[in-house]
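As written, the chains take the letters A, B, C and D, and residue 1 is the first residue of each chain.
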Amino acid sequence: MSDVSAVKAALKSQVIETPSWGYGNSGTRFKVFAQPGVPRDPFEKLADAAQVHAHTGVAPKVSLHIPWDRVEDYAALTRYAEELGLRIGAINSNVFQDDDFKLGSVTHPDPKVRRKATDHLLECVDIMDATGSPDLKLWFSDGTNYPGQDDIAGRQDRLAEALAEVYERLGDDQRMLLEYKLFEPAFYTTDVPDWGTSYAHCLKLGPKAQVVVDTGHHAPGTNIEFIVAFLLREGKLGAFDFNSRFYADDDLMAGAADPFQLFRIMHEVVKNGGLKTETNVNFMLDQCHNIEAKIPAVIRSVTNVQEATAKALLIDTEALSAAQRSGDVLASNGVLMDAFNTDVRPLLAEVREELGLARDPFAAYLASGNQERIAADRVGGEQAGWGA
Amino acid sequence: MSDVSAVKAALKSQVIETPSWGYGNSGTRFKVFAQPGVPRDPFEKLADAAQVHAHTGVAPKVSLHIPWDRVEDYAALTRYAEELGLRIGAINSNVFQDDDFKLGSVTHPDPKVRRKATDHLLECVDIMDATGSPDLKLWFSDGTNYPGQDDIAGRQDRLAEALAEVYERLGDDQRMLLEYKLFEPAFYTTDVPDWGTSYAHCLKLGPKAQVVVDTGHHAPGTNIEFIVAFLLREGKLGAFDFNSRFYADDDLMAGAADPFQLFRIMHEVVKNGGLKTETNVNFMLDQCHNIEAKIPAVIRSVTNVQEATAKALLIDTEALSAAQRSGDVLASNGVLMDAFNTDVRPLLAEVREELGLARDPFAAYLASGNQERIAADRVGGEQAGWGA
Amino acid sequence: MSDVSAVKAALKSQVIETPSWGYGNSGTRFKVFAQPGVPRDPFEKLADAAQVHAHTGVAPKVSLHIPWDRVEDYAALTRYAEELGLRIGAINSNVFQDDDFKLGSVTHPDPKVRRKATDHLLECVDIMDATGSPDLKLWFSDGTNYPGQDDIAGRQDRLAEALAEVYERLGDDQRMLLEYKLFEPAFYTTDVPDWGTSYAHCLKLGPKAQVVVDTGHHAPGTNIEFIVAFLLREGKLGAFDFNSRFYADDDLMAGAADPFQLFRIMHEVVKNGGLKTETNVNFMLDQCHNIEAKIPAVIRSVTNVQEATAKALLIDTEALSAAQRSGDVLASNGVLMDAFNTDVRPLLAEVREELGLARDPFAAYLASGNQERIAADRVGGEQAGWGA
Amino acid sequence: MSDVSAVKAALKSQVIETPSWGYGNSGTRFKVFAQPGVPRDPFEKLADAAQVHAHTGVAPKVSLHIPWDRVEDYAALTRYAEELGLRIGAINSNVFQDDDFKLGSVTHPDPKVRRKATDHLLECVDIMDATGSPDLKLWFSDGTNYPGQDDIAGRQDRLAEALAEVYERLGDDQRMLLEYKLFEPAFYTTDVPDWGTSYAHCLKLGPKAQVVVDTGHHAPGTNIEFIVAFLLREGKLGAFDFNSRFYADDDLMAGAADPFQLFRIMHEVVKNGGLKTETNVNFMLDQCHNIEAKIPAVIRSVTNVQEATAKALLIDTEALSAAQRSGDVLASNGVLMDAFNTDVRPLLAEVREELGLARDPFAAYLASGNQERIAADRVGGEQAGWGA
């Protein structure tokens, strides 16, 4: 796509969804370091998300997490989002923190626990109805820690049963996004460990079930862009959870650990129609900001995704395709690298300027005084975090 | 399955298929070390396989590899196998050693190369007809080495097209086994890199297409027994390629690197009906014996698979199931480990004795003088190897 | 070592140290599931450790963790240990949970924080003096999450400075054990990420500094027994932290994930003199029991280490050495596997019987009623855990 | 280093050594695809290396490999190199392709084989004398494939003995560079598997022994730049073998798989004085060009290393250091990323222009007609390759 105005148009229409929990405290099993100014409730999380959108112009949607973001009045929360220029994105279910879920949720050996877990998922669909959220995002920590602990195939039966019940409950404009993850917190088996498992379940469920690719959830060496291309070809890529990693599921800022990988992923997205509105891929962030300031970290992640997208849009697709057809390995690789090696920050600065925004959203946010303001204002109460 | 006679019966009826190329020379990219007595042609490979069967009693089938095992007269080869008490197992296609296949075979950008590759696959089906082989095993080295080198999704289209043509050609009692592999020889993308890709293609092709699990073809940390359980639940596990590894696709003797993993795999096989004849799982070895004597190494691999199977059969399934249902993590793990910690060599020695074989096939082979005989006899000619 | 009485003597004299924190609550970043009967203070942790020793006969030492096990009166704690038949093992320092340590402890860019961290290490030496502990075990979570975050070499300078100060403070019969870990909680660099780094620092410090090998702290594919053999050859193996893993630092029960690896490690220990008292290797457990009952899980871990040791002791070393010298790959591997495939549970049952213990410590503990007793007694108060 | 003229000067003085074998045929264990125009002897390899130097201006040194590059008259070879504007770089020993070395070379159980291997290393020092090469580069494929196959610590003794003998033979201006590699071709143990092992041996040998970091020789997740910083701090980094990988030792073009990693490595090199002449780090390529044209692939690798170096030189070190000292995670990471995101191709084009070279060496080479010329000229004879 060599037409600059088309590239700019694509960049302006891109939507990156940010997660409510990314604004709260997080950490590792060793320690959660609290930060000043962290939100105490879902409304304050939305306010933080609004800051990200105000400075980047491409982050108008916010994922919620239930029960962390449970409120009395979802209509009020939705209205507040709208006042901030936001809308509610995916509803994420949490069936891993109740004591009953120690050995699993929808795959637990005990049917009573499974019932409780499925009911929680159904509640999440209720919240979708109440907030206008189009996406139910399911991630299950279900699995086992030791060989023999439970019946691997039996757990698949239970999983399929729960998913089918929830799928039935979905409205016409709602879909189910099924996330996979290699390991953690389960250490021997995970019930949805890879894209193949998620894909197989989604296929059986029907067109409203699609796969979520979390960029941090793979075994070392996995070629994520292959999975992205494959799922787009199959019409089964529902969403991304962007973040980055050096080792396990590190949940670092998107693009921080391997910007070239993020570019390759966005290349497959662009090439296979994933940026088109009708393909309906939800580009979400799913990250932890354990030691860095949270709002600026989300802003940097958004701009990292934008930069990777811009580079992918700048690829000379005709030259690439010609080189590929002719089997010229170095030429085709060269076309790709030309785009990657381009400094797209000036282009994105222009895009922002044309949207009426500051050229550098990170600097603009830091200069805005918001960080100091929330640190001063949000005193007392209990800071939001994974501990809910 | 605590009934010893039932365990013994299961062990007696197990069939492990050995690969013709395992008897030839092999090595790494650094060096192939030749060994004395290595076969010079497919007939001598069959003779070696017959030695393995003669001493173990459970290895009556031999996989062939085309073109390495191409002969003028397949009927003669088949008759020779029968005379040795063997039958022809899977036909493996080789579309990675012709100069035309440098950038791929069925996924090559050039349609002429794809035609040549597909024709080779069709020739393999002809050989199945001629030899009575029931299984066409497809492994593609197809992939790319560099980002941008070719179109990932486009290669899937080409793959699907070739597979469909070959699938159509299969007879009623023939099936297609589609192997996946994370990487090597391709270093950036592989066109069938994981079970999900193989599964998705097999699903579209139909019931005669099934997945092959090669135990050495996964990313570090992949839980292979999960894949086995999943595929058996879906009726899509066609075969194993057994071997073992510490790092990449090391192709060491089955059970040598991680006997506990092999046991866990066989537990899922037993538990999910994979040992039953009607499930029709082909238990193949696929290994290299680069520095160790080949026939004894195959014998040890066969007995390693037998030992893992015996332990899996000895699991107290009722106790396991009860512990699993009650959520007793340590008890259920303990039931599994009890079986693993059992020394099953005496049981297998009895099984062999009841079959009229020596109790220790490895020692019996070494004492037979065959190794010295082939070293003395097979002088001159060109030893078989991957270079074919 | 084929002499059974010598094997038994070695097994009787083996000492496995258990960690106080293994008896407390633990979990992942997603959730800590509390268990009934968990200790509320260091004294109760010692009582649990005494249960393990009472049933296994080989676990008379307990590692403490400061500040989790900080008490007013260390003499009283030491006396209590002695009354229970225990003694205090390694003192573990914790410089990763204070808010000041968010960006590091002894490698922090701020000298005031470094001072605070080093002072904590010195306090741990004071506690060694007070409790008679011979080992200061140092694990640093220090590292960075993002490229550029800090100066890698500069952090090594700071680390070396702190270690030197602490080393100077050690008494004649005290030593420093420096643990390494690939990653977590730091996600980009870790200041002591591998054995080489620990070894290099220990070498400069002097003979009282030695390396700790935690079996869960390596990159995928690392050959741990090689490291063990290498460090024993250099006189620099100070201790083990035993646990097991499938993926990252899963901290599962020792021997649960890969019993063959544990056996290979113990083979190198036995072969290279690591079991001799004068070599002074401390065999510690370092595990989490997130979903399984804690005391029984520690008992199983102890017996798993014993079984691996017994198998290693049973290796026919003369046959092994002869096969190795002759270059017979299959024979030498066969000697090793013969020992591994032996069921050593009867031998260990005899060893226990000769020590006046029950043959099966796991069953004996469950039958003892202790688990129900502590669940009933330890009500109220705050359960011990990593959150300390 | 913000001064552009200083950056340019550094880039002009950089020396990248290319390997003779990179111009020959190579492949995987599955197939070596021959290419037209590949050299038939060491002289033609030098001619190809001269092409790389002619177009890049920074590649005047060529590593040789013995016996692949064995010639009658090393003086003649050296003179030919000089005529081409080249000089002989490291001499690489090959003790892995003789049949005697099947189970090892300097660590082989048989002293006669060890003698032969050590003699080969000594011959390599003779060739250093004859060619003026300053560096003896040792990579050993020595290791074992199966647990128990040989004595791990015993092999270290043998290794140490051989290294000591060769070290003694070195002249005053010669050094030994000891390379490590995780695995391949050995699949269970490798005798020099990691930097720690190489470092420990080099330390004992003395100041003329240093470690080689091959960027493709690590376990997944290993932080290579940490190792680089550590070794530079210790004065023990002797050389790089640059190449890149997605999985195992893929030997792809440097910078092709992870340009951000190469940048981080070069940042540590620059920061820790590794670019200074007196530090004497040898920046070598060590790659295979299995499917791409070889000379252009080496040119691209050279420019990739140059681009990473240029970006590293452009880092605002004062701003970085200030941000690091203040503990500002996002600011310090931002300083690094600013440099990485810069398009340095125009700067390098200027550097080349100032050296009297074409701005784009890759394009200039393709336009030169050399590739067609060698394809036409080099007909007949046996192409060079790993098969010696």
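Throughout what follows, a contact is a pair of C-beta atoms (placed from the backbone, for glycine too) under 8 Å apart; a residue touches a chain by one contact, two chains touch by 3 or more.
Here the structure is a predicted model, which means the values were calculated and not measured.
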item	value
Steps in the shortest chain-to-chain touch route ending at subunit D and beginning at subunit C	1
Same-interface partner of A-C, chosen from the options B-D, C-D or B-C, over half of the pairs matching	B-D
Geometric centre distance via CA averages, subunit B-subunit A, whole Å	39
Approximate Å spacing (C-alpha centroids) for the pair subunit B, subunit D	38
Touching two or more other chains - residue numbers and ranges from subunit D	103, 145-147, 182-183, 188, 220-221, 223, 246-247, 256, 260, 291-292, 329-330, 333-334
Pairwise touch network: line, ring, star, complete, or other	complete
Subunit D-facing residues of subunit C, complex	103, 109-110, 145-153, 156-157, 182-183, 188-190, 193-197, 199-200, 203, 218-223, 225-226, 229-230, 232-234, 260, 264, 267-268, 271-272, 320-321, 323-327, 329-330, 332-337
Subunit D to subunit A touching residues, read off their complex	220-221, 223, 246-247, 256, 258-260, 291-293, 296-297, 300, 307, 329-330, 333-334, 340-343, 345, 362
Partner subunit C, residues of subunit A touching it in the complex	26-31, 33-34, 96-97, 99, 101-103, 141, 145-147, 182-185, 187-188, 220, 245-248, 250, 252-253, 256-257, 290-292, 386
